[in-house]
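Quick heads-up: structures coming right below.
Here chain A shows up in two complexes: once beside chain B, once beside chain C.
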Partner chain A sequence: MPAVSKGDGMRGLAVFISDIRNCKSKEAEIKRINKELANIRSKFKGDKALDGYSKKKYVCKLLFIFLLGHDIDFGHMEAVNLLSSNKYTEKQIGYLFISVLVNSNSELIRLINNAIKNDLSSRNPTFMCLALHCIANVGSREMAEAFAGEIPRILVAGDTMDSVKQSAALCLLRLYRTSPDLVLMGEWTSRVVHLLNDQHMGVVTAAISLITCLSQKNPEEFKTCVSLAVSRLSRIVSSASTDLQDYTYYFVPAPWLSCKLLRLLQCYPPPEDGAVKGRLVECLETILNKAQEPPKSKKVQHSNAKNAILFEAIALIIHYDSEPNLLVRACNQLGQFLQHRETNLRYLALESMCTLASSEFSHEAVKTHIETVINALKTERDVSVRQRAADLLYAMCDRSNAKQIVAEMLSYLETADYSIREEMVLKVAILAEKYAVDYSWYVDTILNLIRIAGDYVSEEVWYRVIQIVINRDDVQGYAAKTVFEALQAPACHENMVKVGGYILGEFGNLIAGDPRSSPLVQFNLLHSKFHLCSVPTRALLLSAYIKFINLFPETKPTIQEVLRCDSQIRNSDVELQQRAVEYLKLSSIASTDVLATVLEEMPPFPERESSILAKLKKKKGPGAVSGNELEEGKREGGELNGAGERPGDSSAIGASNASTPSPSADLLGLRSAAPVSAAPPSAGSLLVDVFSEAGPAAPAAGANDDGFLSSAPPSVVSEDPAPPLPESDELLNKFVCKNNGVLFENQLLQIGVKSEYRQNLGRMYLFYGNKTSVQFVNFTTTVSCPGELQSQLNVQLKPVDPLVEGGAQVQQVINIECLTVFSDAPLLNIKFRYGGALQNLTLKLPVAINKFFQPTEMSSHDFFQRWKQLSQPQQEAQKIFKANHAMDTEVLKAKLLGLGTALLEKVDPNPDNFVCAGVIQTKAQQVGCLLRLEPNAQAQPGEQMYRLTLRSSKDTVAKRLCELLAEQF
Partner chain B sequence: MQFMLLFSRQGKLRLQKWYVPLSDKEKKKITRELVQTVLARKPKMCSFLEWRDLKIVYKRYASLYFCCAIEDQDNELITLEIIHRYVELLDKYFGSVCELDIIFNFEKAYFILDEFLLGGEAQETSKKNVLKAIEQADLLQEVNYSLSLSLPHAVFMV
Partner chain C sequence: MIKAILIFNNHGKPRLIRFYQYFAEDMQQQIIRETFHLVSKRDDNVCNFLEGGSLIGGSDYKLIYRHYATLYFVFCVDSSESELGILDLIQVSVIIVNVCFHVQVFVETLDKCFENVCELDLIFHMDKVHYILQEVVMGGMVLETNMNEIVAQVELQNRMEKSEGGLSAAPARAVSAVKNMNLPEIPRNINIGDINIKVPSLSPF
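Our next item is the complex of A and B:
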């Protein structure tokens, strides 16, 4: 090792490393390390002052131990001492230690920053670079606060050495990424852009990364960089391979810089200046031409560097999406790569072509490669390449090739890797729907999907096929026949049973004429699967049975027999038992007419964006599905009369626990308002699309049940109370964890709320502020408790003055008594005349069950004991959901305290988790509740999730609290 | 680039460089997961894979795997050549580098990397310039050592 002998052989370190390597077992290694740690500790603590070399050596050893994966809890101070050594090598080790093992100890940070400050002002370029590297490596907020002002100055100062400029540029980039608010734009920004002209290629290479990042955030301010970048690129592209000396890499001139320049240009639209644009197009053409030239070297480095530039150029061409000629050339080039012997190139070509497929100019050109891509899907040995091929097939699919592509994807699914099956299933389902010309093909495809990959067929997929069958009467007979046949298989997937149950329950009559599929045969077929199925599927089947009684009166005795047997009517599952009891009763007492009305065929679902598409988007993240595709999805969805509602909603099934739903509402487990053909259209606005992320997660409370609160069409202001505002649920969510704030505000009126609760009693103060200068007359407010809420909550309104002067505020007191647990919120209707026009609005009063919590302190032992006691499935409600806000521990604590429970410290063994306990006080009973919130704080922002679990002695409470809380974080 | 890992065929981590703030726990988890994933891949497979929302670019040199995590819009091929250039730099500095050089002189491996990449971006791509910077630093060390007396100038060969 000749080069290493220069300088600092730290013999002790080498011996130590070699000892570690000789350790035969993990235990021996740990023993050796502990011995060394004890030794170092005693040296650091000893009376004798250590010389710089020893200090360096020990710090280096500690670093080595840390990098082996062991914890280090001392030595930071010694490392900081090394920073102020005037020996370069000691300083260097000190900085390395700090960079790897930063400690948030504020005292240390101050010392470190001090040392850095000294080095930055030392004017010694080597020291300055070390300090800048350290800032770039640590990149903490404290460092940003200390140096974000200084570094831009160093970067643009005329006398700064090139190497320091390079470090300063990237150091600033790191600080900008971690704390953009601390890096202030200023006079230096325009000078930074001009670094693109610097004669030193290294300075340009470093500076351009900074410029790209800044341009993304402030495109206007940096747009002069476009012409500079184009001319720099043009000079590189046209240079001979030796012109750039050491910046030429395997005969390719400045590949890194070229890629970065092309990347920077992707932050902007095509240049407006004709000359600049011409020059750029010339560059891109040259790059495409060079790809056709024979290679200057056989080395893979040569072709990689050359192709790196080519792919970046193609990315720019696709970004512009305005030069048909270049797009088609790019596509042809990628087509060549599809059959290249290098796996890497095939992979990248498939990936890049995916984006080309969405351009109208190159879509057709991409399609010509279909056979090659299908072949790749079948023959590539590497799953990541096959995945790319599947993506590309999806992207290039249109009406002309859909049948071929769907068939290929289906056959691939049979052997596909588990990791990509779910996504493949979604894609097949989407394509089949989007490009279905005849719906029998669509039905066949989805049933095939369930057959081949049933486990990976998510609810969205089978809901969707049902929605489509319901909405298209030309396919219903075929669908019934096909599911009937599919169910003949001895072992069929539970999802098939669900689809079969639903479709036969609706349309079994269409095939009942054939003796081979007579009503009784259909019923027996379905019932033969019953015992193998899970509870939700059984519930669905029970609903199908009651539908059968209506469709085929001759099956009534058989089905009643089934419903009557103990395993149904005394089923330990509440839901199944209730269905059996209700259906049995319904079938025995209702007249044929009533039965026919109640069990009428499902009405078409309202049009929505495909829920599967939404799921795929969620899975792949935004951007994965192009805007183009979305629009198309909508358009095609419209054609299909497609719908986003959820046919087999299990939470709606749960809603039938409520004592008086309108009888037709949930027979097939459907959300109550959807199937009632008589439901007024405005009730539609209350329906919750469970798939749209924007929609509130909790079932719309109150008004939709019985049309109880009637529905004035929103445009006409009537004297009847208006339906609750669409945003009233969202407004309500704001008040789950707090008692005071602004409940509502529009141009005329502001409503503030203040409330306090004790035991099962509450008092709320509403403040109505007139924001106009004109008085409100006939100002009246009423509170109503829709449905069962009437018996659960007692709400009394104190009168309010009917006249509200302009600019004035009036107060109203509301007394609330909680009689028993409740789910919905009372409705507050406000009416007044403003300048003669009647204003009529309805809000939800921010009263939720959690307001009646009494915090309960308990020990860890008590907590988990009670937790275990509440172990029945219906006592628990759980939700896993994405974090909507940053995971700030203090904010979370404040919210949980605001909930009204006691926040129990040191109870959960995992300190990241939160547990709470409380008792809900109602007049009728007390309900104990335990809560556990588990954040995965370590995840990347955007990936952060919570798991929320609630257990309570009364089942509806856990569920309701879970719904309320899931919206809060 | 979000991070770079060097690990051996046996899965031993030899160098780790993180360009995004992560907790030690998360770093260990990522390392474990990636080492496992990459080691499980067969030789002829492509050098790129999707992992979480990142792209992994890796290449094996003798007994060592070099593995980089880049973001969606980053260029895979140029990242492969970043790895190669780093290997060249190590090779030139150590004189036909092997895994042991990186074990025993890990601090040098970090110093060279810092000269080449900073904040996850290429700082200086010229081999000459990077090595010049490192050699200058070594020179500074020699001067210091000739001043401070009687220190061992051991070359430890294994």
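Our next item is the complex of A and C:
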């Protein structure tokens, strides 16, 4: 056959490529490329129009330069011109350039579409294929709009050439993926499905990709494809290796198509029709049988092709999960592959077995391969394969083999590749928790995990072990003893120090009887690690120390000494310093009773889904951890925690909704559970009493007490104002057209607003109502003007009483001065403690620019004259929107008056329309605004629309008012 | 779906790149570098699949690759493709490239001389290799797997190219010479009073 002869190519191109290859340095190469780019640019820009050959050559050079990693920002137009050439080679390179270099939102798409349209209607199959390729490769929405109607026609037309049909099928698939709403299959459905019966195998190959995608999205409409696919598959599988001629690949008939057919069937449940099902089972059996036959060729291509089909068949068997016989055969087959000398097959076998392990029919059969899999984990040279082995061990783990598998995974961790360590750690942690029968084993495993791979132990893992130890009485003593021993190691990981600090702080008393772990020994051991640790860990250790003072009064002098030393009490880190000061003060002032209450043992954590499992799921992406497994994890987790619903939990959680959401708080559940029982309301007020005696440090300390109450890691303590509530914008919208009302309400607190405005000044009264019977302490409010608002609005807050008695209401006055036009609302942050728990919420203060309107009465003539004066585009803002409420004239009038403008009667020639006028008063300027609201009241309810137009002498004002008002009607 | 086909040499120099999902140019280069980094450090006798890089789509994507003497052929695919199938497809593509560039008689020699591919073919005929790949993969999906069919299509292209070269190119040159003559500017907008008539913009010659 004639080979592509090298002489035919473009000489200039070959010379250029040779030049580049001869460049000795990167600089020389860049220089040569820049020279060429300049040359091409001047050629394209030159007066002399280029002939097709030159354009083709230059476009090809640009493609080559692009391949070398240089941006190409010109030449697109020349490429588009090539499309309309009637020479095949020019058209071809034009299309190639566009497919490689034009993205779907290019401005050239319309020109390209024109060229494509011409080629599609040319009836020249080669040109049609080029055009279809281009659509499939670019696949933009504009292309879908232009061709989504045409392509199905080409696909099913009787006189279309096979090669064009193939291209049309894939082209349609691409358009369906990018713009499913534009590809309407309705009338074509059955004809497309019947392409599965096409004589030409190439057409079937292309069509099946399309049908698979469509079936995934519309399984009902395409379900007739199942029986057609089964019969097609059956014909291929039972054919002799020579029947399909060209589609036989190394003695395997049509391997690619067989794989695709098996994939298509995986979109559906097993066929209901007995005959179809029988035929399919027969196919699957034949495929399994063929795997046992001696190979027809020694070439790897032969076994690849054969096994590609086999793996898809097994995937289908697993998908059906209903034929125990086939499942077990599949498992045995995969078992053989586990020991195959081809690495690829071992990899795929491990991967498939992973899914097989979750089937109840084959779980036991999979388990019989445990030794092989463990061996793979230990001996495979390829990290991809080892990773699959680890996945499979995780999937086949159950109560019977958990100890063995966890032990193997732990020992593998010592040498595991860095890339998979974190995932391995998560898996070990989950398995240890899920299948723990005795909790000392669980604690040992996690501590080992920290010892072996401490850097890869994420926070979730060590939070979890603490949650579990706290919730299980029977393991607390053992845990204390084990961490104490682990901390003896000269170098231990910081995560170990964290776990150690926390557990000894809570349960150190359980091992204090042994003189080898007496309170002072414990303290000295912890403190010996202190200086090597990061700030968060040190903060945690300080909390452990104060807990020690409560547990072991005899350690008090030593610990106070430590807290008092300069490196603590004058630490440059504010968190550490604050803790040192507060703890020192607390330990010297509070009576033992108070200390015992404040530093009480942590209450059990509420039962929750393991955060580790959630993390693994996130890491692996959806689908990697099956829903089934998650549910199981949840169930087992619940069993393990053993803690039922605690009284008071629900109210605590309700209260926590208003406080700062913090990721670590969610994990440890400190905010939700701890403060309630560690510091019941009475203890909370006691504590405040303690501090009010303590002098100047009191307010700060009082505001930050939960840090040690729960001995939480400091990251949990956030005194920053919370971000605005998600609903705060909506709340704000309620106050655009009115000045009084309820701004906010939750279970604890109600906030009412009354406000009045004159000129550019406003006064607002806020009423804070305590809805509970318990007092709010440290009640503070602040208003902030973020960003440029600071220079636009002057807001002054009168102080408010820090104590709000149960059932009482306090009032706060806010003075507002509008300096210039503004668009954002100031933020109101409210903080208080309710029963010891910090409540922190941020709202938007209901101040909008329209509050400073002065109504202006004017005649129709004046109105329209001014309207015309404000005719520059940026002075106008317009919105057309659906009516949210009934179009009641009186309600509309009231709202427009509430806006602050004058409602002008008999101004608009159309009596249904509303027009308003007003002047916004600010300190810096006055801004005139005109408004026109046009309802289409005649329309059906549900289709009623408004057109709102605003014009103002300052452009931002019209826009802002338009946004505000569009929400009101 | 095939997200991308990347061919680069042992030093990471790209020889052919084809993305079937849009990525900005600099992202494309990053993906090439990351992919090269991932595959080049692997031994030759390990498996041909690995988890996809972080850039192209995370854990649902796999890289399926073959290493020939100086070149890596890498297909970035999602989980809807059969790994072994793609591996065969790479082999098929290489065979076809070889057939199209070098071989007079095809079927008999199939088993012998296609274990490799010549880097120079790709360098000097990048456009041709693109065209060959286009007969195999279209918009990220496999169009045809029958080697004879693909080779026949490429052969057809070559014949058309031949017929357009040589003598047949002369008339085209004449046409372009005519087009180059200075024609008076065609007015785009003709104003007749208030009425604006838009003349359809003609494609520049």
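Everything below uses one rule, namely that the second predicted complex is superposed on the first by the 631 of 969 C-alpha atoms of A that agree within 3 Å, B and C clash if a C-alpha of one lies under 4 Å from a C-alpha of the other, contacts with A are read in each partner's own complex, and residues count from 1 in each chain.
Basically, contacts are C-beta pairs under 8 Å (C-beta built on N, C-alpha and C of every residue); 3 or more make two chains touch, one makes a residue touch a chain.
What you are looking at is a predicted structure, and each value in this text was computed from that prediction instead of being measured.
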Superposition on chain A - do chain B and chain C clash or fit: clash
Chain B versus chain C as contact partner of A:Q940, first or second or both or neither: first
Which superposed partner A:P721 touches (first chain B, second chain C, both, neither): neither
Partner chain in contact with A:A49 - chain B first, chain C second, else both or neither: second
Partner chain(s) touched by A:T205 [first = chain B, second = chain C, both, neither]: both
First, second, both or neither for A:R11, with chain B first and chain C second: first
Common interface residues of chain A - those touching chain B in one complex and chain C in the other: 1-4, 6, 8-9, 14, 17, 21, 52-53, 60, 63-64, 67, 69, 87-89, 92-93, 96, 100, 126, 132-133, 136-137, 139, 163, 166-167, 170-171, 173-174, 201-202, 205-206, 209, 246-247, 249, 255-257, 259, 263, 301, 304-305, 307-308, 311-312, 343-344, 346-348, 381-382, 384-385, 387, 621
Sites on chain C touched by chain A in the complex: 14-18, 20, 22, 24-26, 29, 42-43, 45-51, 58-60, 80, 82-85, 87-89, 91-92, 99-106, 111, 123-128, 130-131, 134, 138-149, 151, 153-158, 160-162, 164-165, 169, 172-173, 176, 179-180, 203-205
Chain A contact footprint on chain B (complex, rising order): 13, 16, 19, 21-23, 25-26, 28-29, 42, 44-50, 52-53, 73, 75-78, 80-82, 84-85, 93-95, 101, 103-108, 110-111, 114, 118-129, 133, 135-142, 144-145, 148, 151-158
Touching residues (chain side chain A, partner chain C) in the complex: 1-4, 6, 8-9, 14, 17, 21, 48-53, 60, 63-64, 66-69, 71, 81, 84, 87-89, 92-93, 96, 100, 103-104, 126, 132-133, 136-137, 139, 163, 166-167, 170-171, 173-174, 201-202, 205-206, 209, 212, 246-247, 249, 255-257, 259, 263, 299, 301, 304-305, 307-308, 311-312, 343-344, 346-348, 381-382, 384-385, 387, 620-621, 623-624
Chain A residues within the chain B interface of the complex: 1-9, 11, 14-15, 17-18, 21, 52-53, 60, 63-64, 67, 69, 87-89, 92-93, 96, 100, 126, 129, 132-133, 136-137, 139-140, 163, 166-167, 170-171, 173-174, 177-178, 201-202, 205-206, 209, 245-247, 249, 254-257, 259-260, 263, 266, 301, 304-305, 307-308, 311-312, 315, 343-344, 346-348, 381-382, 384-385, 387, 621, 938, 940, 942-943
